[in-house]
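Please go over the structures that come below.
Both of the next two complexes hold chain A, though its partner changes from chain B to chain C.
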Partner chain A sequence: MSAPLLTVSTSPHWLGRTTVRSMHVEWLIALAPALVMGVYLFSYQALIVVGLSAAAAVAAEAAYQKIAKQPILVGDLHALLMGVLLGLILPAGAPWWLPVVGGALAVVLGKLFFGGLGGYPMNPVLIAWAALALSWPEHMQSFFMPFTNEVSETPLMMLKNDVSTLEVVGLSGLWWGQFPGAIGANCGWALLLGGLYLVVRRLVPWQIPLGVVLGAILLSLLAAYTDPNLGQLGYNTFGQNFAIALFHLGAGGVMISAFFLGTEPVSSPVTPWGMFLFGLGIGFMAVIVRVWGGPVDGAFFGVLVMSAATPLFDRIRPKVLGKVVPGT
Partner chain B sequence: MSILTMFKGVRLPRAAAPSPPVDLAPPEKVWIPLRQHQGRVCDPVVNPGDQVGLGQLVGTSEEFEAANVHASVSGTVEAIAEVYDPAGQKVAAVAIKNDGKDSAYVPEGGLPAPVGGVDDIMKTRPTRLLRRLRDAGLVRSATLGLPLHVDLSPPMAPRSYMFMTGIPVVRPIDTLIIRAVDVDPPVTPNQACLSEASAELEIGIIALARIAGAQRVVIAVPSGQPHEALAGLAAAKQWELAKINSANYPAAHRNLLVHSITGRVVPTPYGEPRDVGVAVQPLVTALDVGKVLTTGRPPVDRVFSVAGDVPNPQTFRVRLGTPIGEAIKAAGGLPANSGKVIVGGPMQGYAHFDLNTPVTKETCGVLVQSAEHVRSFRNEPCIHCGRCVQACPVNLVPAELSKLCEFQQFEDAADRDLLHCIECGCCAYVCPARRPMVHLLRYGKSEVLAERMEQ
Partner chain C sequence: MSFGDYMLFIVGAILVNNILLAKFLGNCPFLGVSRRMDTATGMSMAVIFVMTMAGMITWLVQYYVLEPLSIEYLQTIAFILVIAALVQLVEIVMQKSLPALYRALGIFLPLITTNCAVLGVAIINIKEEYNFLDTVIFSFASAVGYSLALILFAGIRERFVLARIPKVFDGTAIGLVTAGFLALAFSGFAGLVGGH
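Then we have the complex of A and B:
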């Protein structure tokens, strides 16, 4: 009897459905609310910036891999995701070449020079953002007032100059993105919605967002309680100080860092406590820079600095079940 | 289940509740391997040409870690030759041609006296009961099953690794866990036997508890499957019930079951539940014990599930030594484009190459996969997403270990607790880059162990 040919392999024989590509598709789905809010607030200009950035990222990856005679991996959608993410943290008033340069920089300088997906030490989106912010600060700060084409100051810039801004800026308006800001980082609720989708789908560990939010709240409470100017303005009760914490959470890049930039898989830690402390560090850094530092916002710098420390955070291992430590 | 373990492991598709096992007709010829357990190979006590009866001893050994093997059909011994066992190793086996009469063998001194009821057990000395189980050659019916008389005894002396880990003394067994839930669904021999809660089962569990010296008996039942008979029995005897969701893989793994029910940590890599005073036995084994004690005959069959891409997946009661191909044929046969025949379940099973492999006491069943359901690994670079760390039930960092093993940094991997991996396969299941995680970790483990053996 001729035996049928059987396949042999190592276990497991069932594999989950998640692939690198499907993971990136879900990230793009999670970014959709922020993008829709961006287009609603800043009209077609937002769409042009995001579209140019995404197209540049994909084209740069394809071109680089073609020239370097590597397999072309545009199909895993990572370059598209990087481009969209970069577009979302740019201002709507950016000139057309800014997102193009940024998208190409993110993919080539941030990702491919380090060996592609899985090899880079820091988030490519933020590498590109840092390069753009240092090279063309005037373009990177041309934030539009929503529904108009007037360049205006963001709430964080106003806060830098004058603490009493807090009385002008309403919390609900801030969280709905009614003040000048980047395309996608403006509306806190949209980012929260997309981020929670990723957490529920288990594509993003819950520790990092929790750490960022907790870190930002804790440090802004500390800053609020220790600032004499705020006391003179009448900020005395916990409720009032907590409102300042919510202001810090909703303004600038904290929410997008918590759910989309800090949780970027390659450059963030993997161990539970490592991830939580990593998030906490991002939250601390964001508020420290805002309150005591020079630049306007520190969330993105926080992510970059903490990514550099990722190998250290990865050394905080959980306790292995079944490993019996002598003496216990 | 604490909040931290809730996110561990993977969620598998829930298998349908299996139907009770049906008898499979004995085959023309059986191959009885002389080792059907973990441990030593038995020596044959029959010669080619001999007539053997049903249940006659065909292999035995002087070693402690060996279980007797018996003829599972009556007929003529044809040969003693090597076959592949379910783990893919070659082992000597006795081939018996079936004469179809199933004429029972009666030893010279007559059969041991059958146990009439629970009172008989409580009057019999545990060592005497253990002797009978040892003569009947019972084995814990699960993958890597030790002979039952070994599994039920506490370790003779503290083992060397225990000196290193600081566990001071030998701990007597005080808890018996009857595992009525299967680790690796949809291969579910134990869940198929859930409705067979009978007097035999009661006798079996009581005998196991008496032999092991366990005061506390816990029955792990699958949630979402009716088990009234078992629950009634447990209530009458004041045994505890613990509901385990078997879709919540690997909640029913031996070490994790011990951890979730008693809170004790089984030391890995060499430890066993009996080292921390727990005996874990599958429901099928308890049934076998009951049968052996009430009839006085050794077990000749095994509950065996055939699942997956066969026309009618079914749980059978097959004679030991039946080729697995026969059981698959009884379930409707292989699909036209056969892919894998997996001995054990989808997550921990062994993809076998030989359909003539006999069913042994430690095989649970086979999962058949057609070619279009065979998934392949791709070994893309790790993207450091950390999903494997979330999933790992023993809190390792599989991503890092797999990279270390891939680039042959075995000692570094061993320092990062490589040897504590239980090879459950959760990391490979969730990996978006489709890396062959378990393969890499096994490779690393074998290299580390080989190096330590040399020193």
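Then we have the complex of A and C:
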């Protein structure tokens, strides 16, 4: 028989080359600058923490899917990406079992219990982070001073007790990660570089990072102008108050939340206005918790709370193009 | 208290000491009616109404009946009785005068009788020695916090229809895991308002 003259198949007839795997490869590329800076600042210990966390995440996913007799989907690299992201928000001085427990928690509790990629309601990485932070707060605060092995306080921890921290911490040093902090969340410029790559490649919508940054700036300015504690600094020009906003942007988890954690595709909204408001909420909560709340940093909690509201944000529908002509 | 203090008081009751996610009261309707958004909003409205009313009336019962007669040990049973009677009364009045709202709330109005968050708020009002205005505000704000958690939770749960959740976890099990996640997220609000 000769070849069929006509092949009939269902759509799609034209496939793009983007796959789940290729998307995660690009995310990993975007995280490379932050990881490199982390290893440069905290030496091999940073690499051990990130490596353990990534290995634990991948191993946990493979083991779970093997036991549950599901197809093993480690090859889509999502578990690897989750492990790397979790490692980047841990302190370099964490004991070896902390990233291992965290990586396994993120994958099994945060993701696989909900049926894997696409099903979970909140970013699994941050679920693991929150569980670790509440379970072992003393280990989750073992941040190293860069280039040393001395555990010391991060700028945000100092800010909790003493507003004059804002005068001691230099902005350029802060943005280059010269102060104690999490492995990958420390260097603002590296995160910005990787994040902009994702935005340019259109893997991350620009509305979310913009919302986070704007939200953090607006709330920092509000705090700078109204909070009596910050008023002690005697700042009165706009430039001085704006420096406070830049401090809040560079410190802690705001930048990594803006580009990598808040933009997690499953648990963030899909409509343009929904995404922007979602980001704004993260920025607001980050600064509210820092200035008035109990925990040291609110950025990650902000992402969790806002992703709980994601189904509601998705109800903000964009206007439908065209209209119904009456009488038809 | 000044106006600002009241605002903090309200924020505290809604977010920081959320009756569901921080105190874990009223979990039964939380899991029971959160499968669909419309039932969740219906329940929320009913809870806001009943919790505020119950808070006021139990306060009056405590200070004008139980304490003068020195029978405070009957508090629990008296409050349950008051709440059950109140719900019935509200139901009868509403059926006659506001049939539209009555139909919208449906089964959830009688269900509130068994909502331990209502009794919990009534008892907290007495334990914290709130005055009458505080009681009204705290009861209302707690109910709003309850509604907020319930509506967020219903939004998330509606989406589980689309997720390939393993059979062993489907239903209440994954609901409880998710409730735990929500509580984790809300723990970020801790310490926002001084006090507890």
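Here is the rule we go by: the second predicted complex is superposed on the first by the 310 of 328 C-alpha atoms of A that agree within 3 Å, B and C clash if a C-alpha of one lies under 4 Å from a C-alpha of the other, contacts with A are read in each partner's own complex, and residues count from 1 in each chain.
Note that contacts are C-beta pairs under 8 Å (C-beta built on N, C-alpha and C of every residue); 3 or more make two chains touch, one makes a residue touch a chain.
Owing to the predicted nature of the structure, the values given are computational and were not obtained by experimental measurement.
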{"item": "Residue contacts on chain A - larger count, chain B or chain C", "value": "B"}
{"item": "Which of chain B and chain C A:Gly119 touches, first, second, both or neither", "value": "both"}
{"item": "Which superposed partner A:Lys319 touches (first chain B, second chain C, both, neither)", "value": "first"}
{"item": "Touching partner for A:Gly51 - first (chain B), second (chain C), both, neither", "value": "neither"}
{"item": "Chain B and chain C footprints on chain A, overlapping residues", "value": "116, 118-119"}
{"item": "Touching residues on chain C, where the partner in the complex is chain A", "value": "151-152, 155-156, 158-160, 162-166, 169, 174, 177-178, 181-182, 184-192"}
{"item": "Chain A residues touching chain B - in the complex, by the definition given at the top", "value": "3-16, 18-20, 22-23, 116-119, 202, 205, 265-272, 275, 314, 317-328"}
{"item": "Contact footprint of chain C on chain A as seen in their complex", "value": "68, 109, 113-116, 118-122, 127, 130-131, 134, 285, 288-289, 292-295, 298, 300-302, 304-305, 307-312"}
{"item": "Interfacial residue positions of chain B with respect to chain A in the complex", "value": "10, 12, 164-167, 255-256, 259, 265-269, 271, 334, 338-342, 344, 346-356, 367, 369, 371, 374-377, 380-387, 389-390, 393-397, 399-400, 416-417, 420, 422-423, 425, 428-434, 436, 438-439, 442"}
